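Going in written order, the chains are labelled A, B, C, D, E and F, and every chain counts its residues from 1.
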Amino acid sequence: MVNTILIVAGVFMVLGILLSLFRFIKGPDITDRTVAFDVMTVTSISVIGLIAYFAGRIIYLDVALVYGLLSFLSVVAIGRYIEKGL
Amino acid sequence: MNIRNVTNLFVLLFLIWLLLTGTFELTSLLLGIVIAGGLSLIFGKNSNVFGKLRLTPKVFIYSLHYLIVLSWEIVKSNVDVALRVINPKLPINPGIVKVKTKLKSPMGRMILANSITLTPGTLTIDIKDDEFYIHWIDVKTLDPEIASQEIMGKFEKILEVIYG
Amino acid sequence: METLEIIGALVTLLGSIFIFLGGLGIVRMPDLFNRIQAGTKASTLGTILSLFGLAIINEAWIWKLLVIIFFVLITNPVSSNVISRAAHFRGIKMTDKTVADLLVDKSNKPGEE
Amino acid sequence: MIKKGILLLLLAGFVVVISNLIINFSGSSELNPLARYYAENGPTEVGAANLVTAVVVTYRGFDTLGEVTILFIAAAIVGFFLKILNSNNNRTSSLRKPSEILETASTLLVPTIFMLGTYIFINGHLTPGGGFQGGAVIATGVMMIILARPTSEFNHKLLSILEAISGIGFVLMGVLGLILASGFLNNAFLPLGKLGNILSAGAIPIIYVFIGIKVGSELTSILNSLKENQNEV
Amino acid sequence: MSIILAIFLGLVILILAFAAIYHKNIKVAIIASGAVGLFASVLYLLLAAPDVALTEASIGSGLSTIIFFYVLNKIRQSND
Amino acid sequence: MTQYLSVEFIAMLTGFLLMVIGVWGIISQKNLLKIVIGFSLFDTGLNIVIVSLSYVKNSTAPILDKAVEVSDAASKIADPVPQALVLTSIVIGLGVTALMLAYVMRMFREKKSLEINSYNELKW
């Protein structure tokens, strides 16, 4: 029961990644692509959480930890590059 | 050398260490104290980021209250924006408005700006002195006073108590 | 215990629905700021909810999941603030529905290339 | 046109070589003897719960030593290539200042990132992670400082001293293993402890602290030479 | 189940790699190669290698993107 | 056919295709930065292939804790050796990328151009 619900949740997450991938490919400007990249990283965190649940290992969550803290840094670097502050 | 700043940073870092390791074993605790102490001495010495924050029970209760208010606002406005997204007509009315804040402490201002950003529908774009420029998905008024009340009245009251 | 686990799974499902709506918003919205509003915020809430649901299912994991939620809560607004500020500086064209733009950037020049 | 054809031919040769490998691939259903040896004897011989750490630090410690050396050489060459010819700092003043949110958030986030890095390399023998990842995370923390305050300067002396001390410490631990235990980089000269405790696995936490500081300072010096080079040309 | 996720991740990685090679705008190519690192890291996790995933997350997706943008920034400075 | 429907095979195929794309980028693109990107894609693909070789059917991470006991470790875990090699390989990859980018900056300083065709001193 629990596993079925979680698999459905995983399908929704994958669809979310696909939609933001579409925006990444299409996005007229570089800032749109950066936002799509941001959404993909945040969504990956919950995908990692699901993988950790299905593998039954708490240690996989360390990867999500690093994502949560570091993924925004490349977005910040891109933003500072665009506003000529790097 | 700002003692209160260093202590606050130490408490935060030690809390993170405890949550990360998840044990209360003695050697692990001692190691955490040493590391958090060293890092808070290095980084807390010259900065004044926490301002006048005191770790009293009153501040703790107000922080908890703030968290509850924030989460309720986030959920409420998320549902609102989600309804707008699903609606085939896409009923949006966006614009950038100016609001004024009374907060002085940098930490309090950052938390206020982040809370505004976290609630969908409003997005902090820039801060100049005491003016926040906010992108609002459904502009109701352009007047700074009313807009401030509308957007961040609830948050500001509590943060004023915490960061005094 | 079974009911608690099912409640946790449902919370995770709710979070994933929010993530999906965020993806939908990022595709449907007409300009960058509205995309940030609809996309990044909804997926942040979705991630937090789904991690919270996993914490309900498996209460031994709650500490580490709390740290992740804390990090996401701090870092995500900062990144969307930086990117929206950069976009405004760059002079991104806003949608026709826009009512007002009170932020006048003194150093604002048209886009870089 | 001929050029394009030659390129395509080259690519086709590459594809043929690797497709031969991939068609005959069938996944393995059990470990090979070497890995089996590590899995069975690693916890008792090394005392590390993370077997990857056991392989990186002790069983294949020489590889790690060489790897750190390669990284050092890369950092040195980057620094050499991008040597500053005329260092006038007038460009930094023309930079657009970061927003206040980013500045305040960085004062909160930089200690947190350093804490996470320290956690990762001290717990390298229990959880995923170790010196390399911890060092990379710490370098990212330094990166955060540069992003939030473009005018901040780094102390080159301190960086090179940290790098030298940690490099010497790493080799010293190896030599201590050679003298007190059975071989170079053998970690068993300190008590192995109980599997799963933070102070276990002999010298592995100490070695990982050295590797972490070394990798962190090397990556930082690469970033630093890339940053300072912006002032000229 | 994990097979479907692996197929999905592989497809996304390949699409992003194509974008990284063929997109005319060099900045988009750099972001796409960063996203390749991101999804490769999730794939490593599926292959039971959390250590490698951690390294790829911090280096392949974080530091290398930032280094690329530094170099790009310097090249642009002398460009206009 | 069924032997191809496994996680490790799909990962290996992805890695190989990524390597092919990377090589194609290196030999066909004219922009120096694009060539560096091609190198880094090739690097990632190679790492994925090596890690996919370490996977054993239905195995879990080679880290022992409550979920994996010492006694039955040998039957449950994946091969740690390729993972350890890839670990160092990724860090070296970053060093090599930084080195190549430093070359690019240096070359740009000489000729003010990123086109590979303008560097023809050693061409015959």
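Methods note: a residue touches a chain if its C-beta (ideal position, glycine included) is under 8 Å from a C-beta of that chain, and two chains touch if they have at least 3 such contacts.
A quick note: this is a predicted structure, and the numbers were derived from the prediction, not measured.
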item: Required steps from chain B to chain F (each step between touching chains, minimum); value: 2
item: Touching both chain C and chain E (chains); value: A, D
item: Minimal step count in the chain contact network, chain B to chain E; value: 2
item: Inter-chain pair with the most contacting C-beta pairs; value: A-C
item: Chain located farthest away, centre of chain B as origin (C-alpha); value: F
item: Computed distance of Cα centres, chain D from chain A, in Å; value: 24
item: Centre-to-centre distance between chain F and chain C (centres being mean Cα positions), rounded to whole Å; value: 30
item: Whole-Å separation of chain centres (CA-atom averages), chain D against chain E; value: 19
item: Distance from chain E to chain A - Cα centre to Cα centre, in angstrom; value: 12
item: For chain B, residues contacting two or more additional chains; value: 16, 20, 113-114, 124, 126
item: Touching two or more other chains - residue numbers and ranges from chain A; value: 10, 17, 34, 55, 57-60, 62-63, 65-66, 69-71, 73, 76-78, 80, 83-84, 86
item: Sites on chain F at which at least two other chains make contact; value: 6, 8, 13, 24, 55, 60-63, 65, 77, 83-84, 87, 90-91, 94, 98, 101, 105, 109
item: Of all residues in chain E, those that touch chain D in their complex; value: 50-51, 53-55, 58-59, 62-63, 66-67, 70-71, 73-74, 77-78
item: Touching residues (chain side chain D, partner chain F) in the complex; value: 7, 10-11, 14-15, 18-19, 22, 25-32, 34-36, 38-40, 42-43, 49-52, 54-56, 60, 63-64, 67, 70-71, 74-75, 77-78, 81-82, 126-128, 130, 132, 136, 195-196, 215, 219, 222, 225-226, 229, 233
item: Of chain A, residues touching chain D in the complex; value: 59-60, 62-63, 65-66, 69-70, 73, 76-77, 80, 83-86
item: Chain E-touching residues of chain A, taken from the complex the two chains share; value: 7, 10, 14, 17, 21, 24-25, 30, 33-34, 37, 40-41, 44, 47-48, 51, 54-55, 57, 59-60, 62-63, 66-67, 70-71, 73-74, 77-78, 81, 86
item: Contact footprint of chain E on chain D as seen in their complex; value: 50, 52-53, 91, 120, 128-130, 132-133, 136-137, 139-140, 143, 219, 222-223, 226-227, 229-230, 233
